[in-house]
Amino acid sequence: MAEQAPSASRSIAFEGVRHHFSVGGAAVPALGPVDFEIEPGELVTIAGPSGCGKTTLLRLLAGFLAPSEGTVSVAGRRVQGPAAERGVVFQQPTLFPWLSVRRNVELGPRLRGVGSAARHEVADQYLELVGLADVADHRPYELSGGMQQRCQIARVLANEPEIVLMDEPFGALDALTRERLQDELLAIWRATGRTILFITHSVDEAVFLGSRVLVMSPRPGRIVLDERAVFADRGERVPDEEVRALPAYVELREEVRRAIAA
Amino acid sequence: MAEQAPSASRSIAFEGVRHHFSVGGAAVPALGPVDFEIEPGELVTIAGPSGCGKTTLLRLLAGFLAPSEGTVSVAGRRVQGPAAERGVVFQQPTLFPWLSVRRNVELGPRLRGVGSAARHEVADQYLELVGLADVADHRPYELSGGMQQRCQIARVLANEPEIVLMDEPFGALDALTRERLQDELLAIWRATGRTILFITHSVDEAVFLGSRVLVMSPRPGRIVLDERAVFADRGERVPDEEVRALPAYVELREEVRRAIAA
Amino acid sequence: MVQLEGRPVPPTTATPESRRTERATRRRTRLQRLAVHGASLAALLLGWWLVTRTGLVRPLYLPPPADVWDAFVRANTDHPISPGSDRIVRGEQNYYLWEHLLASLQRIAIGVGGGVLLGIPLGLLMGTTWLGVVLEPYLNFLRSLPPLAYIGLLIVWFGIGDTSKIWLLFLAVFPPVAMATISGVRGVREDQLNAVRSLGASRRQALTSVVLPATLPEVLTGIRVATGFAWTTVVAAEIANGIPGIGGLAYLAGEQLRTPLVIASILVIGLAAIALDLGLKHLEKSLVPWRGKA
Amino acid sequence: MVQLEGRPVPPTTATPESRRTERATRRRTRLQRLAVHGASLAALLLGWWLVTRTGLVRPLYLPPPADVWDAFVRANTDHPISPGSDRIVRGEQNYYLWEHLLASLQRIAIGVGGGVLLGIPLGLLMGTTWLGVVLEPYLNFLRSLPPLAYIGLLIVWFGIGDTSKIWLLFLAVFPPVAMATISGVRGVREDQLNAVRSLGASRRQALTSVVLPATLPEVLTGIRVATGFAWTTVVAAEIANGIPGIGGLAYLAGEQLRTPLVIASILVIGLAAIALDLGLKHLEKSLVPWRGKA
Amino acid sequence: VESGRSSATNETDAAQASDCPWEADDSITTTARIAWQAIPNADVVVKDLGLLEACMPNAEISWVQAASGGDVVKYYGSGDVDLGLMGSSPATIASSEPVVRDVDLAVVWIHDVIGEAESLVVRDPEVIDLAGLEGGRIGVPFSSTAHYSLLQALAEEGLDPATDVEVINLDPEKMPGAWQGDQIDAAWVWDPVQSQLLEDGGTRILSSADTAEAGRPTFDVGTADRTFVAENPEFMAQWAKAQDHAVGLIQDDPATAAESVAVVLGIDPADAEKQFAGLSYLRAQEQVDYLSRSFPKDLLTTAGFLLDQGGIEAVGTPEQYAEHVDAGPARSAVGG
């Protein structure tokens, strides 16, 4: 994949953001007020109780929703809608059943007009990465739940967005596959310096992956913890088990756990 | 909920079961051969790598699929299709968008002709259990991913099936909610003696919850580990942390982990 | 309208002020919409007037708006048979135009109602049982039959009164409704059926509690298409003994080359159809709020 | 057919033997199906024969099968003008029945083709842009207009040749196709659109790569319904100067009270329509394998 | 909305309309259903003036509108009407095999003999006779009396409709469009289209009056179910009397008659009055003469033509056609 230097301009800002959903005429507050910035190249993990507004926050940044109040901006410009710069891995796999797995993964490059040989190569690379090379010609509905999730991840990564938004991307994966993909994600992040927003309900995952960990309160979600984490930044040589045994790691994990339980 | 004694006749048997999917004319083996029996009142957890055939196994038992070879039987009778005795929590939440959350939960009793007052009571009980009481009048698509999963669980439990089939039911839940629901599930299981088949990708969950743990090999899935676990059977007085610290627990967890990795 | 681009409309907010602005926004949107319709209608009328004014089309084929308006007014009032005559007649063919319209509306209402009442259950049955295999060719046969070719048979069986006309409308309406239902049934997600069956639903319960609601969006579209179809059939239905009836009136006026009256009738038919369709669309919106979401 | 109950058919198995039995099963199903159709058809024919035989319906309205068969044969052969006469005429109105059918089929093919080619893009545009707001009333207006009321105008503009007939068929076909497309567009899952937009799709790309395929099932149903409409319209289209043409033939035969020929024409129309629809259904099956699954 | 409303706009008008010109007969309680068509003749005058209702106050009379003679035959077949107006072609079909097996009608009245009301109008002023149309295209509504007249005229001229000219089926209301678009060279048609074509520069070169002279007349006739006639002689007498009265009105007071026609057809009274000129109307005595002498023969010749067209299976015997003509009702109206 192409090496892209983190552009200083790609910082993300939430300013006084609130979001309400209208349910049967009544307004249900779902998020906010939320204020924070993300520097380019950060790998921000977000945790919080179920229904606290994590997905809502991500959808606001993706441009699927407009905030009821406040502004969401990327590189100083208000988010006006979805764009290729912000790739999204959905919480519920959202694949296109009329395309094969391979063509789902190739879709981004194809939309950009990448030639078929190059497309094929990119698709092969990412299908291999997520372990779906042997079902490349299946249709999405012929995949298991975890395989669909992996296909989605491959599709987004193959499009090489500057900002990757991932909503519980490893939620349906077994421990082994999950660990492998965590490592791959870290490797990609280190190599390309992408900005990544990663929602997870696993405290361990949040602490292990994030260069910064956010914890949200129950609905309407606000940020109740915002901590730098150093474990993602470590060199690749440090084995995972050792990282998990570090006192600082254990302490942060406990801190996050307490913040969620609060 | 009504106390139902485990009926000796409700044992589940897989005999020489294989399943193939046909993809573009070619047959793709997904499962088997699989042979095992489940006694009434067992809480069987199933783990295995993504795409190994766990869901397929569950769908065969639910009656959604007919095995390509072998037979699946409950109480000595071949499974001919879905039935109320076998409730299913789907891997991808499958709720009815034309019904409110409450009416989704009430659906089973309503189909059985339970009066509206009794239905209401049952629904309230289970909505409370899964923490959705305050969104009872929302529509399913107005729920977060984790909330949808919980709604599904409430719907199945409210129907009081003799066999509960759960496909990664706690997959999208934060640690806290998950632990609470694990405890509730165990409580219900102990109180009613239901047979429960529980697919999970969390080794810890499999060992913690199961009275028996099955591990499947990669596709086509076969049973590579079949161990009794005693931790679910413990009295309610033993705190969870203590259980997790037991040497036998740690050992089984390692054994399961190894079996999956093999 | 599906949002392909740009940001979606902000949803309701909690504060009373913002709620007020929201209501204002909605009112503004509605006003804008009205303005757009008004403008396009005005443009159309102007074009029509210009075309007739410049003599591009002869009044025999397209009379100027004023003539059509005159015909419309005449058809809704008591008027002398010719200027100066003291024989006063009522509307056209002894009925006012609105009475003609009402008569046709009655027929359409009964025909469409019957077609929907039969079409939906039949479609459900055909989509879910072996009945579909047996009946599908007959349904396809029926829905290809030209009304002009079998209205004769209907008259024989049901007489020349309203019954045969209603039957014709019914036969026009029910196949598309049944087709839409069948198509909708085939689109029902298998797992939703599996889910309800696992909850203990009987065949019939699965049909009413899952297949029917899941099919609703397509069925409603089918009903809208079929109702439009009923309107196109109303002239054929009312050629024979169709007074009062707006289709019968249009036919008779056409025979006499009274183009202004023909156009007036057509416009009335079209406007009535638009109004009816608006109602159906409204129904659709309130019945199927989940479209596109699940 | 959606499976409401019972166990689903076992899917392909790997072993050659089981594959063989599977093929045998499929062949058996097809045979069963044929048998069912044959039986229902035979029952229908018997019923028809009995009804006419017992004199329940007069031959003026429903002639016995034998008469219809005679008319069919006559219409497909050179035959004497009346028994014993030595004046030999060709088929009916100087064309064989199959030539009439072919002429109508051509018109329908062009009309439906045009209607589909316009209806789908227009429906996509109307479903996704402000054009929908402006055009919807006009579309509803158009699709409610009785063909009998405006065929006169078409003749003025396009003459009495094939062009005006094709236009009429086109105008019958394209509104339901557009309607179905619009309805399909409204059913596209928002997140699929969000997904493709996040992959960098432009408006147009989102339209072609998501909206169009997601809409396909409803569009195909719309095309099937619309093709049925085209068949029902073919008589109206061919009333004026419609020879050769199966609709024109049916109309003339009806005017002459030659019921056997009318019924023979109707049967041919119906059978042709069934065949056409089978083809479309086949297309649907192979184009939209994911229906009900995702 | 109830169907079958009469022309009267209010109660007083209804009273006015319900004056029977002779002594009304309250003893008749027949239920009669009458199929009418929008043709300018005495039938619609009777309908508009409410003569039947006035002269048989206790009879139950309903008027059923039909779009063509074929419709009327079908109405008979379904038992929906007892009397009906149709052209001579459908009347012949109804009296010939195979339709005669299903309906049992008699022609009881000649509403009009078609003259210039149906004529051949040509576009090209140079063309002055049929021969001039060779190679051209003539529009005519198939299966109509005009179609019959046209084919008779062509045969007379020695032109083969299959090769020498192109005869196409065209509804009257579609002719002006086809005419303007240069799609047809001539049309054999009735009013108001005929006037329209003449106005558009057409010239009349032949009419049904000419074909009638050549022995091929066409008519609009009144028919009745034979059983009905047999069972309701008094009703038929009153009916014939009313028709005769209306014919008298057309002949003696065309303005009043035209007003009635105008109301029913929804046209201008002046146009209606003009249209009278193209048709000839017969009083009761003439009806009796015509019906009992030459009319069966006209049916027979029409049948010969229809056989060629494929409309009937076989030409019946002269006796058979005579059986389907009944001058009785007309006779009872003579001098009444």
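By written order: A, B, C, D and E. Residues from 1 in each chain.
To be clear about the criterion, a residue touches a chain if its C-beta (ideal position, glycine included) is under 8 Å from a C-beta of that chain, and two chains touch if they have at least 3 such contacts.
Chain-to-protein mapping (UniProt): A, B = ABC transporter ATP-binding protein.
Computed from a predicted model, the values in this text were never measured in an experiment.
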- If you walk touching chains, what's the least steps from subunit B to subunit C? 1
- If every chain is reduced to the average of its C-alpha atoms, which one ends up farthest from subunit A? E
- Interface composition of copies subunit A and subunit B: same or different, split at half: same
- Query: What are the two chains with the top count of C-beta contact pairs?
  - Reply: C-D
- Query: Distance-wise, how many Å sit between the C-alpha centres of subunit A and subunit E, to the nearest whole number?
  - Reply: 84
- Task: Can you check how far apart subunit C and subunit D are, centre to centre, with Cα atoms defining each centre and the answer in Å?
- Result: 21
- Distance-wise, how many Å sit between the C-alpha centres of subunit A and subunit B, to the nearest whole number? 28
- Task: Would you pick out the residues of subunit D that each touch at least 2 other chains?
- Result: 5, 58, 60-61, 152-153, 156, 189-190, 197, 239, 254, 293-294
- Query: Which residues belonging to subunit B are in contact with no fewer than two other chains?
  - Reply: 21, 63-64, 81, 92, 139
- Residue numbers in subunit E touching 2 or more other chains? 74, 77-78, 173, 176-177, 180
- Query: For the complex, which residues does subunit B have touching subunit C?
  - Reply: 62-64, 81-84, 86-88, 90, 92, 94-98, 107-108, 111-112, 139-141, 155-156, 159, 161
- Message: So in the complex, the part of subunit C that touches subunit D is made up of which residues?
- Response: 1-5, 33, 36-37, 40, 57, 61-62, 127-130, 132-134, 137-138, 140-150, 152-153, 156-157, 172, 175-176, 179-180, 183, 185-190, 193, 197, 203, 206-207, 211, 217-218, 221-222, 224-225, 228-229, 231-236, 239, 247, 250-251, 254, 262, 265-266, 269-274, 277, 291-294
- Note on the structure: As the complex stands, subunit A meets subunit B at residues 21, 23-24, 47-51, 54-55, 91-93, 137-139, 142-147, 150, 167-168, 171-178, 201-203, 257, 260-261
- Query: Which positions of subunit D touch subunit E when the two form their complex?
  - Reply: 58-61, 81-83, 92, 94, 151-153, 155-156, 159-161, 239-243, 248, 252, 254-258
- Item | Sites on subunit E touched by subunit D in the complex | 68, 70, 73-74, 77-78, 90, 93, 98-99, 101-103, 139, 142-143, 162, 168-171, 173-174, 176-178, 180-181, 183-184, 306-311, 313-314
